[in-house]
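Structures for review follow.
The two complexes that follow have chain A in common; it is paired with chain B in the first and with chain C in the second.
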Partner chain A sequence: MIENFLLGSSALFGDPYTLAIFVFGVLGGMLFGAIPGVSMLTLAAILLPFTASLTPAQGVMLFAVIYCTGTYGGAITAILFNIPGAPENAPTAFDGYPMTRKGLAGKAVGAAVLCSAIGGVASALVMMAATEPLAKWAIRNIGPPEIFALVFFGLAVASSVGGRTIWKGWMSVALGLIIATIGQDPVGGIDRFNFGFSDLAAGIAFVPAILGFFAVSEIFVQAEKTARGRYEAPPVNMEFPSFFELWQQKIAVIRSVFVGFFCGILPGIGATLAAFMGYGEAVRWSKNKESFGKGNIEGVISSETANNAATGAAMIPLLALGLPGGALTAMMVAVFQMHDLEPGPLVFYNSPDLIWVVFAAMFYANLSILFIGILETKTILYLLKIPFQFLAPLILLLASIGSYIGRGLVLDVMVMFGAGIIGFLLRRSGYSIPGIVLGIILGKIGEQNFAQGMQMVHYDLFDYLSRPVCLILIIAGTLTLASGLHKAFKANPA
Partner chain B sequence: MKMGNLKNSHLIEGTIWLTIVLVFFAFTYDFNQPIEIYKFGATGWPRVILGILLFVTLGNLFHQYRFGSAAQSGRVGISDDDDEADGTTSIGAVLKIIAVLGTPFLYALSLKPAGFYFATPFFIVFIILLFGERRPRWIISITLLIYALLLFLFMMVLNAPLPQGNVSPFYDYSAFILRMNSQFQQLDLW
Partner chain C sequence: MKLQKKIAASLVTGLLVIGASSANAFECKVKDAEMAKPGGFPDRALTMIVPYGPAGGSGQVASAMAEAVTSLTGVSINRDHKSGGSGTVGMTAYMAAPADGYSVMEHIDDAASAHALDSSRPNPATDLIPLVISQVTFSQIYIRTEETRFTDWDSFVAWVKAQKGKATIANVSKEGSMERVTMSFLTDATGMEIQQISFDKGAPRYGALLGGQVDALYEQPGDVRKFLDSGDFKPILTIFNERPGVFADVPTHREKGMDFEPLLRFRGFYVHKDAPADRVEWLKWAFQRGYCEDSYQAFNEKKFMTVIDSYRDTAGAIELINTTIPQYRDVYKNMGLDVK
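After this line comes the complex of A and B, so read on.
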C-alpha cells in the first residue's frame, strides 16, 4: 500500500499540470462549497465537459478533490452566518453560530478546519487500506432494507435535535417528509400533491428549499432584529482552539470518524446524514447535554469530522463496485465513461495508477484543508466586520441564483422565498429547521428503499428483521423514539 | 372549559397543522390508484406520514396544554435567536418586517417579465434601505459592487443562463448586457 501511495504521490506532484489541477480543485471546492446555493456540485457540473481534455486520472482526481474540500467549505458560512453552504454542514451551525455570537468564531472555524482534515485523512487512509474488502462486505450486507433502516434511525436521531420540544422536533421532520412526497411517487411514477401545477410534477427541488429554510430565513431573522433595534454585530475574535481543548475531544473525533465512514459507504446516504448522526451521537454520549446548541465546540467537531469522513467512504462503492452514492460520484462515473472506462473491480487491475493518484490526491486534499484552512480563517473572519445591510442583499441574490440555475425555473426562486418565510415563522415558534431539511432530503430515499425492501422481503416483517443490520438499526431508532416519547410525557420545562 | 396553559396562539398553531393534515389527506384521493408491483400503492407512504403528523400535532397540543410555550428541559440545538419575539413591537417595525418579507417575493415575481439584469439593482437598493442604510454614496457604491460581482461570476465566468425578461424594454436591456458580454469575451485579452 505504501509503495502504491508513494507512486500515486509522485505522479501527482511530478507533473506540474496535474499539480495545477489539484490546486485548482482544492481552492475551487473550498470557494464553491462556501457559497450558499452555488455548491461544489455546480462547480463539478461546469467542469464536467472540460474533463474530456484531461487524462482519466486527472479528471477523476479533480472531482475527488472538489468533493473533499467542498464538504469542508460550507462549514465557514454555517459558523459565521448560520447559513450552511450545503446540507451536510447544517449541524455545524447548531453550535458554530452560537460560538460566533459569543465572539468565539476563531475557535469554531479552527475546530472545523482541523476536524474536517482529521475526518477526511482518516477516511482516506481506510479507503486506501480496505476499499476492496469493505466494498465486498457492503454489497453482501447492505441493500434497500438496510438503507431504509438507516434512514429511519437517522430521522429518529435528527428529531431529537433542535426544536423547543420533542413534539416540535418530530413535527419538523414529518413536515419535511410530507414535502418530499410532492412530485412523482418513486415506484409507479404517479403524480402526487401537484395541486394543479405542472412544474410541481418533478417535486420540490431540495436546493431552493434548503436555501429558503436556512439562508433566507436567517436574513429575515436578522431583519426582524434590525427592525426592533436589537441587531448586534458579533465580535470578531481570531483565537484558535488550544491543543488541550482539541485533545479533550478525541473520543468525539474517533466516534464521528466511524459514524461518518459507515454512512458514507452506503449509496445515497452520504455526508448529510453522517453529519447529523455524528452530532446526535455526540449529544447522546455527552455528560453536558444542555450545553449543545449554545456554543459547545464538540458540536462543531463531531459534525465536521463525520461529514468529511464520509467523503473517502463514498468513493469505495464507486471505485470497487461502480456504484455512485450521490450526485458528485455519479458525475465521476461520467468522467470514467468519457474516457471509455468503467468504474468497478477491474479498474484496480487495469488502471492501478489512476486509483492511486486519486487516493493520494484525496489524502493531500484533506491535509491541505488544514493548512489552507488556517490561512483562510485568518482572512475570512473579517467577513464578520462587513455591515449586515451590505451582506444581506448579496446572500439573498446568491441564494436566488443558486435556486434558479438548477432547473431554470422562476418557480424555484418563489419556493425558496416561500420556504424562507415559513422557516422564519417556524423558527420563531421553536421548530427545527434542520429537521425539516433532513426530512426533505431523506424522505425520497427512505420511501424508495422502503418500497424496494418490502418487495425484497415479500412484505414479511420477520424476514425484514432477520437481517442483522436492519434489526440493530430499527431497534436503535425505536429506542431513540421511545426515549423521546418518555421524556416528552415526563419532562418539565427548562 | 379549562384550557390549562393553552393560549389562543397555540390553538391557531394547532389548527394550521391539523388543516395541513386534512388538506393533504383529502388530496391523497386524487392519486389513490393501485400499483401492480407495490402493495401499498402511491398513497401508503404519504398517509402514514400524515398519521404521524396528526399524532405529533396532538402531542404538541397536549404538551402546550400542560406547559404552555416553555422549552422542554434537555433539548439541544435551540439557538437563542430562535426564541419567540417579545410583544413590544412598534407599528413601524412590523411594517418594516412585512416589507422585508414581501420584497423578495416581488423580486421573484418580477424576474419573468423584467429579467434578472434589470430587476437586480433595484432589489439590492431596496434591501439595503430596509436594513436601515441611508447614506446615498454607500447605497450606490455597494449596489454597483454587488451587481458587478454577480455579473462577473455568473455571466462571465460561469455563463449561467439567468432570466432575461419577456417584456420590452427590459428584455432589450438584458440583450444589451449579454451582447456586451459576448463582445468582451471575444476580445483576445491574453
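After this line comes the complex of A and C, so read on.
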C-alpha cells in the first residue's frame, strides 16, 4: 500500500500539469462549496465536458479533489452566516452559527477546518487500505431495512435539538417529516400533496428549504432586532480553538469518523446522512444535551468530521463496485465513461495507476483543507464586520440565486421565502429550525428505505426485526424516544 | 466461483466484441452533410431541457447529442436539467418555454406512458415534434453470475414459485412505468408471484443485486454493462421478439411461451409543435445528422444501443410513440388504473 501511495504521489507531484489541476480542484471545490446553493455540483457539471481533454487519472482525480474540499467549503458560510453551502453542512450551522453570534466564530471555523481535515484524511487512509473488502461487506450486510433503522435511530436523538421544550423539538421534526412527504411517493411514484403544481412532483428541494429556514429566517430575526433598535453585530474573534479544547473532543472526532465512514460507504446515501448522524450521535453521548443547538463546539466538530469522513468512504462503492454514493460520485462515473473506462472491480486490475493517483490526491486534498483553511479563515472572518444593512441584501441575493440555480424554477425561490417566513414565526414560538430541516432530509431518506425494507420483508414486522442490525437500532431508538418522553413529562407534568 | 465469474466475463466481453463489429455496418440515413440556416436561425445557443439528472441515462444521451450537434453545426447547446416527478417537472417547464425553436427537449418513453394514463398530459407525438429518437433498447432479467439457487430462466421461475411470494426483484419505483408494466406481463404469463422492490436510482438497485439483498434485477443492458463486463451479472431472459446477436445465448420471452409485445425504452429529442416550420426542419436535420456523428455513434455503441436499431427519424418516432400509447392504455385499463 505504501509503495503504491508513493507512486501515486510521485505521479501527482511529478507532473506540473497534473499538479495544477489538483490545485485548481482544491481551490475550486472550496470556493464553490462556500457559495450557498451553487455548490461543488455546479462546478463539477461545468467541468464535466472539459475532462474529456484530460487523462482519465487527471479527470477522476479532479472530481475527487473537488468532492473533498467542496464538502468542507460549505461549512464556512454555515458558521458565519447560517447559510449551509450544501445539505451536508446543515448540521454545522446548528451550533456553528450560534457560536458566531456569541463571538466565537474563530473557534467554530477553526474546529471545522481541523475536523474536516481529520475526517477526510482518516477516511482516505481506510479507503487506501481496504476498498474492495469494505465495499463488498457493506452491500452484503446493509440494505434498505438497516438504513431505515439507522435513520430512525438518528432521528430519535437529534429530534430534541434546538427546541424550547422537547415537545416543540419533536413537533418541529414532525413538521419536517410532513414536508418531506410532498412529491411523488417512493414506492408507486404517485403524486402527493402537490396541490396541482406539477413542479412540486419532485417534492420540496433540500437547498431552497435549507436556505429559507436558516438564512432567510435569520435575516428576518436580525431585521426585527434592527427595527426595534436591538441589533448587535456579532463580535469578531479570530481566536482558534486551543489544543486542549480540541483534545477534549477526541472521542467525538473518533466517533464521527466511524459514523461518517459507515454512512458514506452505503451506495446512494453519502455525506448528508453522515453529517446528520454524526451530529445526532454527538447529542446522544453528551452529558450536556441541552447545550446543542445553542453553540456547542462538539456539534460543529461532529458534523464536519462525519461529512468529510464520508467523502473517502463514498469512493469505496464507486471504485470497487461501480456504485456511486451521491450526485458528485455519479458524475465521476461519467468522467470514467468519457475515457472508455467503467468504475468497478476491473478498474483495480486495468488502471491501478489511476486509482493510486486518485487516492493520493484525496489524501493531500484533505490535508490541504487544514493549511488553506487556516489561511482562508483569517481573512474570511472579516466579512462579519460588514454592517447588517449591507450584508442582509447580499445574503438574500446569494440565497435566491442558490435556490434558483439548482433546477431553474421560480417555485424554488418561492419555497425559500416561504420557508424563511415560516421559520421566522416558528423560531419566535420556540420551535426548532434544525429539527424541521432534520425531518425534511432524513424523512426523505427514511421513507424511501422504509418502503423498500418493508417490501423486502413482505410487510412482515417480525421478519424485519429478525435482521440483527435492524433490531438493535430500532430498540436503541425506541429507548431513546422513551427516555426523552420520560424527561419531557418530568419537566412539564400534564 | 471466481473462475465461473471470469469465464462469464470473458464470454460476455467476447459477445460484446461481436456485437460491436456487427454495429460497424452503420449507414447514415441523412445524406445532406450541410443545411442552410433558415433566416439565420439559430443565431444564438439552443437550450435543451433534460427532465432527469446529468449523471443518468438521459443526462448522458443529452450530453452526447449536444456535443454531436455542436460539432456538426457550431451551435452551442446549453443543457438545463429540470429533474423530478419522473419527467413531469421538465415537461411542464418545456411546455411553458417560448415555442421559437431555441428550446428543445430530451425525453424518454415515460412521456408517452404519462400521456396514455392521463391524456391531459402532453402527447409527445402531437404536442411536440420528435426531432429524432436516438436510443431504443430492450430489457432483460439479471441474476448474479455466482448464483447457485437458479441458473437460468426456467430454474428461476421454478424457484420463485417455490418461495410462495417471498422472492424479490429490484425494479424502478413508478407504477405504470415500462418496467413495472412489463413485470406484470411476466408474472401474469408465468404465474410467478414475486415481490418487486422499488429503487428509483440505479446505484442502490444494482447494489441490491450485487449484495444479495434481492434475488434478481429488471434492467436494460446498457445500464448494467459494467457488471456484465466484470462478470458479476448475467442475463437469463431477454424481453424482445428475437435474440439480439450480442445475447445469442439468452432466451427471449417469446421462446419461453410469453406472448406479449415487448415495451421498449426509448430516448429522443423534441421541439414544440408551434415552433416555426423552417426552424423545425433545420433542427430535424441537425439532430438526425448529429446521430450520425462519430462521437455519437461511439457513445451509443458503448451504451449497448447499437444492438438493435436505435434510430427513428420524425416519422419513425411518431409511429413508435403512436404504437406505444394505445399499448400502455390497454395495459392500464387491464390493471384497473384510472385512465383519463
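Following the convention adopted for this analysis, the second predicted complex is superposed on the first by the 483 of 494 C-alpha atoms of A that agree within 3 Å, B and C clash if a C-alpha of one lies under 4 Å from a C-alpha of the other, contacts with A are read in each partner's own complex, and residues count from 1 in each chain.
Simple rule for what comes next: a residue touches a chain if its C-beta (ideal position, glycine included) is under 8 Å from a C-beta of that chain, and two chains touch if they have at least 3 such contacts.
Computed from a prediction, not measured in an experiment: that's the story for all the values here.
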Contacts for A:L397 in the overlay, against chain B (first) and chain C (second): which applies, first, second, both or neither? first
Report for A:A451: first if it touches chain B alone, second if chain C alone, otherwise both or neither. both
Winner on chain A touched-residue count between chain B and chain C: chain B
Please work out whether A:F220 is in contact with chain B alone, chain C alone, both, or neither, and reply first, second, both or neither. first
After the superposition on A, what does A:K287 contact: first (chain B), second (chain C), both or neither? neither
So in the superposed three-chain picture, is A:G143 touching just chain B, just chain C, both, or none of them (first/second/both/neither)? second
Identify the partner contact of A:P49: answer first if only chain B is touched, second if only chain C is, both if each is, neither if none is. second
I'd like to know which partner A:K385 touches here: chain B for first, chain C for second, both or neither. neither
Chain A contact set shared between chain B and chain C covers 187-188, 190-191, 408, 451, 455
Of chain A, residues touching chain C in the complex: 45, 48-49, 136, 138-141, 143-144, 183-184, 186-191, 198-199, 201-203, 267-268, 317, 321-325, 327, 330-331, 333-334, 337, 340, 342-346, 407-409, 448, 451-452, 455-456, 458
Within the complex, chain A is touched by chain B residues 13, 17, 20, 24, 27-28, 30-31, 33, 35, 37-42, 45-46, 49-50, 52-53, 56-57, 59-60, 63, 67-85, 88-89, 92-94, 96-97, 100-101, 104-105, 107-109, 111-112, 116, 120, 123-124, 127-128, 130-133, 138, 142, 146, 149-150, 154, 158, 160-163
Note: in the complex, chain C contacts chain A through residues 53-56, 59-60, 63, 67, 80-86, 88-89, 91-93, 165-166, 168, 173-177, 195-201, 203-204, 206-208, 210-214, 225-227, 229-230, 232, 302
Per the touch rule, the chain A residues reaching chain B in their complex are 42, 46, 82, 91, 94, 97-98, 101, 160-171, 174-175, 177-178, 181, 185, 187-188, 190-193, 195, 216, 219-221, 223-224, 226-229, 279, 283, 289-290, 292-294, 387-390, 392-394, 396-398, 400-401, 404-405, 408, 410, 413-414, 416-418, 420-421, 424, 427-430, 432, 434, 447, 450-451, 454-455, 459, 487-488, 491-494
